[in-house]
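Please find one structure pasted underneath; my questions will follow.
Letters A, B and C mark the chains as written, and numbering starts fresh at 1 in each.
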Amino acid sequence: MNKSFIPMLTVALVVVVLSFPLMVFLNAQSAQRLLDRGAELPCGSALSCAFNLRSPVIPAPNQLLEDFPKAFFPLTDPNSIPFHGFFTALATVLGLLLAGVVGLGLAVLLTVSRAFERAVLPWLVASQTVPVIAIAPMLAVVLGSNGVQGLLPKVLISAYIAFFPIAVGVAKGLKSPDLLQVDLMRTYNASSVQMFAKLRFPASVPFLFTAFKIAMTAALIGAIVSESSTITDAGLGRLLSENSRASDSRSLWLVMFGSAALGIALVALVGVVERLVTPWRRVR
Amino acid sequence: MALQTSSLLVSVQDVSMIYKTKDSRGQALETIALKDANLEIGTGEFISLIGPSGCGKTTLLRLLADLIQPSKGSLLIGGKTPQQARESRAYGYVFQAPALFDWRTVQQNVMLPLEIMGFSKEERITRAEKMLKLVGLEKFARNYPWQLSGGMQQRASIARALAFDPQLIFMDEPFGALDEITRENLNLELLRLWRETGKTIIFVTHSIPEAVFLSTRIVVMTPRPGKIEKIINVDLPQPRNFDTRETPRFFEIATEVRESLRHGHGYEEEV
Amino acid sequence: MATRALKPSFLETNLIVLAVVCVLGSAFFSLKLIADRFALTEAWQSSDLIWLYAWLLLGLLGVALASSAVVRFLARPKAKDNADWLQRQLVALLPAGLLAVVVLIAVEGLVRGYAVPLAQIPPPSLVVQRLWEARDVLWRDTSTTLLETIVGFVAGGSLGVLMAIATQRYPFLERGLMPYATLFSSVPIVALAPVVIRAMGVDWQSKAVIVAITVFFPMLLNTARGLTEVNPLQVDLMRSYAADSRRTFQSLRLPNAMPFIFTGLKTGAVLGLISAIVAEFFGANGSGLGFRIVVEIGTVSLDAVWAAIVVASFLGITVYNLLALLERRVTGWHSSFRAED
C-alpha cells in the first residue's frame, strides 16, 4: 500500500489537472450563454464566472471545498450527507443479511437435490446476466401502495437485488469440497448433517464473502434506487433525485462522493468481517 | 497363500468390478477394473498393492473401504461386510493427497474424526496430542495446513487416520506426490509407527523399492483387465532401516516384483 | 471414471415424455380453467381455486419428474463430438424450461383467481399483449439503450484493454491505477449517473459515457490480470528463444490474457447494460428502456413496465450468450471448456 501511495497520488493529480480545463471550458460556455441572454452575473466575465456559477456544469474545486463542510457536518444534522448515508447503509446491510439467510437456504436445497438444481439453477445463473435492478423502482411503488413504508421496502429491495449473487456464490461454495474430502467424511460414516456442518459450510465461507462483496454493491444500488423512486424520509437516493430535479450540481457531486465513499466503506467492512471469520486465510 | 501371522482380518473372494456404461449414442461400454481377485490378510500384516495405473489397486482399496461396491464376489473385514465395517468405523483411510481441511488447524484436523464419532472434548485433545507426537508434528498443532510442507501435511493426515485407533489402515499412494528423500524418511517413520501400534496396513504404491522396504507381503497387480498377478513374501528381517535397502536379499525381492510386473501384459505401454 | 452402472436409456426417455405430458396436461387444464373465467372481474369460487392448485401441482410433479430423469441422463459418460454437446445442453435446460411454463401459468391463474389488481401484479398474458401492442415504442427504447450500451462498451472496453497493456509495460502506472480500479467496483453507479447527465445533457451520449466508465474498470482489471499472470516457465522459454518483449507479448501474454479479456467483456457487457438502464432512470431524451420503466411507473401501467423489463432481460441474456459463444470460438483451447459439466 505504501509503495503505491505516490503513484496513486500522481494518477489522481493527473486526472484533476486534465479535467480542470474541461471544467473551465464547459462552465465558461454556460456562463457566456447566460450573459448573452442578458442575465446579470456578479462575477463579470465568462471566464471568472466559470468558478462561481450557481449551478455549474461541473463544479469548480473551490466550490466543492466550500460546500463540503456544510454538506457533511455536523453528522447528526438531518440535512447532512452522512445522516442520509446512515439510513441508506442501514437498509443495505439489513437487506444483505436477509439475502444471505434466504440465499443460504436456497443454496442448501440446490446442493441437497440434483433434480431441484436442474430446474432452478439455470434461472439463477441467467439472473446474473439480467438487469434485475430494473424491477426495483416498480417494486418500491408496489410495496408502497400496499402500505409497506419506511425502512422495510428498502431492505426488501436490497435483499432482492443481493439475493441472486449470494445464492449462486454459496451454491458454488457448498459444492467446492473435492472428492477426496467427501470420501474422507464417508470413511468416517459421517451423517449428512455432519457433512454440511463439518465440511460443506466451512468450505463455502470464502465463497460466501466473495459473493457478499459483489452483493453489497448491488444491495447499495438497490437501496439508492428504491429511495429515489418513492417518498422516503432519508437516504442518499432521496438526495440524488431531489438535487437532480433541482439541477443542483454542486450538491450532486458531493452526494456522489459520499455514495462512493459509502460503497467502498461497506465493501471494506465485508473484508474486515471476512478476515475475522476466516483466520486460516490470513497472511497468505 | 499361507498366512504368516495370527488371525484372518481381511478376506477378498472372487471380487470383480465391472463398469457398465453406455455412451450417449447408446453403445455399451464395459471396463473391467478388477477381475476375480482373491486375497487374505492377517492381523498385523503390512500389505502393499503394487502395479501400473489401471491395474485396479485403488479400486480394490475403495472396495474394501465401501466407497464403491463390487459387481461380483464378497469382501469381509473382521467378519463384517465393508459397509458394516465402515459404519462401525473399523478402518482409517489415507488418500493420495492430504485432504486436510483448510479452515482447521493441524490439531483440529486430527480431531475431526473424533468429533464426528462423538468423543469427549478431553479425549479429543489427549488423543490429538498423542498422535501429533507420534508423527512428530507436536510443534505445529496450532498451524494451518498451508503453513506446512507437503510431507508434513501427509504426516498430519496419517495422524488423523490413526486418531480414532482403528485396527486397519488403508493407504492409497500416500507419498506419491512427495520427493524421493522425503518419501524415504516417511517410509522409515511409517515402519516405526506400524511396529509401535501393531496396526494392519494395506498400502497402495507404484514404487518397487517402497513396496519391498515396507511390506510383509507384496500383491503384484497387472492391468487390462486389472487382476492380482502374484503375491510375494518379503522375508527381510525386522526392524528394517536404511541399510536394509542395500542388502542382496532386498534386490532379489525387488527383481522378483519387477519380473512379475513385466510378466503381466500391457506393462510395456505404461513405461 | 463413472462410479455406477446406469439404467437403460428408454426409462429416461419415458420419464421425460411422461413429465412433458404432465406439464402439458397441467397447462391445458389450467389455461382452460382461466379461459372459462376470463371475463370475471371478481375472485373465483374456492372450488375453482382448488382445481387450479391441483393442476398446478400436477405441473410441478412433471417438472420434478423431468429433473430426475435429466439428472440421470447427464450422469452418463459423454461423447466428445459437438452434436453430443448440443444435445446435452438442450436436455439440461428442459427442466428449467418446464418450470418456467408452470410458473408463468401459476402467476396467470393466481392473479386472475384472486382478482389481484392490475396495479399490483399484471397477469403474464397482459404483459405479452402489451409487448406486442407497444412493440414500436419498445423497439425505439431498445435501440436507444442498445446504442448507449454498445458505444460505451466499445469505448470503455478498448480503453480498458489499452490501459491494461500500458500498466503491464509501466509498473508505476500499475501501482497508481490498479487500486482505483479495485475500489471502483464497490462504487454504486447510480450516484454517478445524475452527475454525468447534469454535465452532458439528457441525450444518449451522457449514458454512453456512464456505460464507458462502468465497463472500463472491469476490463482494465481482467486484462491486466491476464497479461501478468503468465506461467514464469513460459516467460523463461520465450527468453531462451531470445524473443523481444513485443514478440513475448504477441505470442504469450496476449493469448494468455484472452480468457481473462472475455471474462471482462462478459462482466462489462452486463454491467454496462445495467448502468445504461439505471442512468436512464435519472434522465433521458424521450426513449430508453430505463426511461420507459420510470415513465410507466408514473402512470401505474405495470404491464408496460414488465414488458420493458422482459425486453431488458432478453437483451442481457442475448448479449451475454453471444459473447460466450464468441469466447468458445476464440479460446476453445482453454481448460474451462474441458472441465465443463
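Keep in mind that, in the parts below, a contact is a pair of C-beta atoms (placed from the backbone, for glycine too) under 8 Å apart; a residue touches a chain by one contact, two chains touch by 3 or more.
Note that this is a predicted model, so its numbers are computed, not measured.
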| item | value |
| --- | --- |
| Core chain by centroid distance, with centroids computed from Cα atoms only | C |
| Per Cα centroids, the chain farthest from chain B | A |
| Centre-of-Cα separation between chain B and chain A, whole angstrom | 52 |
| Rounded Å distance, chain B centre to chain C centre (Cα mean) | 48 |
| Between chain C and chain A, distance of the C-alpha-averaged centres to the nearest whole Å | 20 |
| Chain A - residues contacting chain B, complex | 178, 180-181, 183-190, 194, 198-199, 202-203, 205, 278, 280-281, 284 |
| Touching residues (chain side chain B, partner chain A) in the complex | 65-67, 86-87, 89, 91-93, 95-97, 99, 101-105, 112-113, 115-117, 144, 146 |
| Residues of chain A defined as touching chain C within the complex | 3-4, 7-11, 26, 57-58, 114-116, 118-123, 126, 128-131, 133-135, 137-138, 141-142, 145-146, 213, 216-217, 220-221, 224-225, 228-229, 236-237, 240-241, 243-244, 247, 249, 252-253, 255-256, 258-260, 262-264, 266-268 |
| Touching residues (chain side chain C, partner chain A) in the complex | 63-64, 66-68, 70-71, 92-93, 95-96, 98-100, 119-121, 172-180, 183, 185-192, 194-195, 197-199, 270, 273-274, 277-278, 281-283, 289-290, 293-294, 297, 300, 302, 305-306, 308-309, 312-313, 316-317, 319-321 |
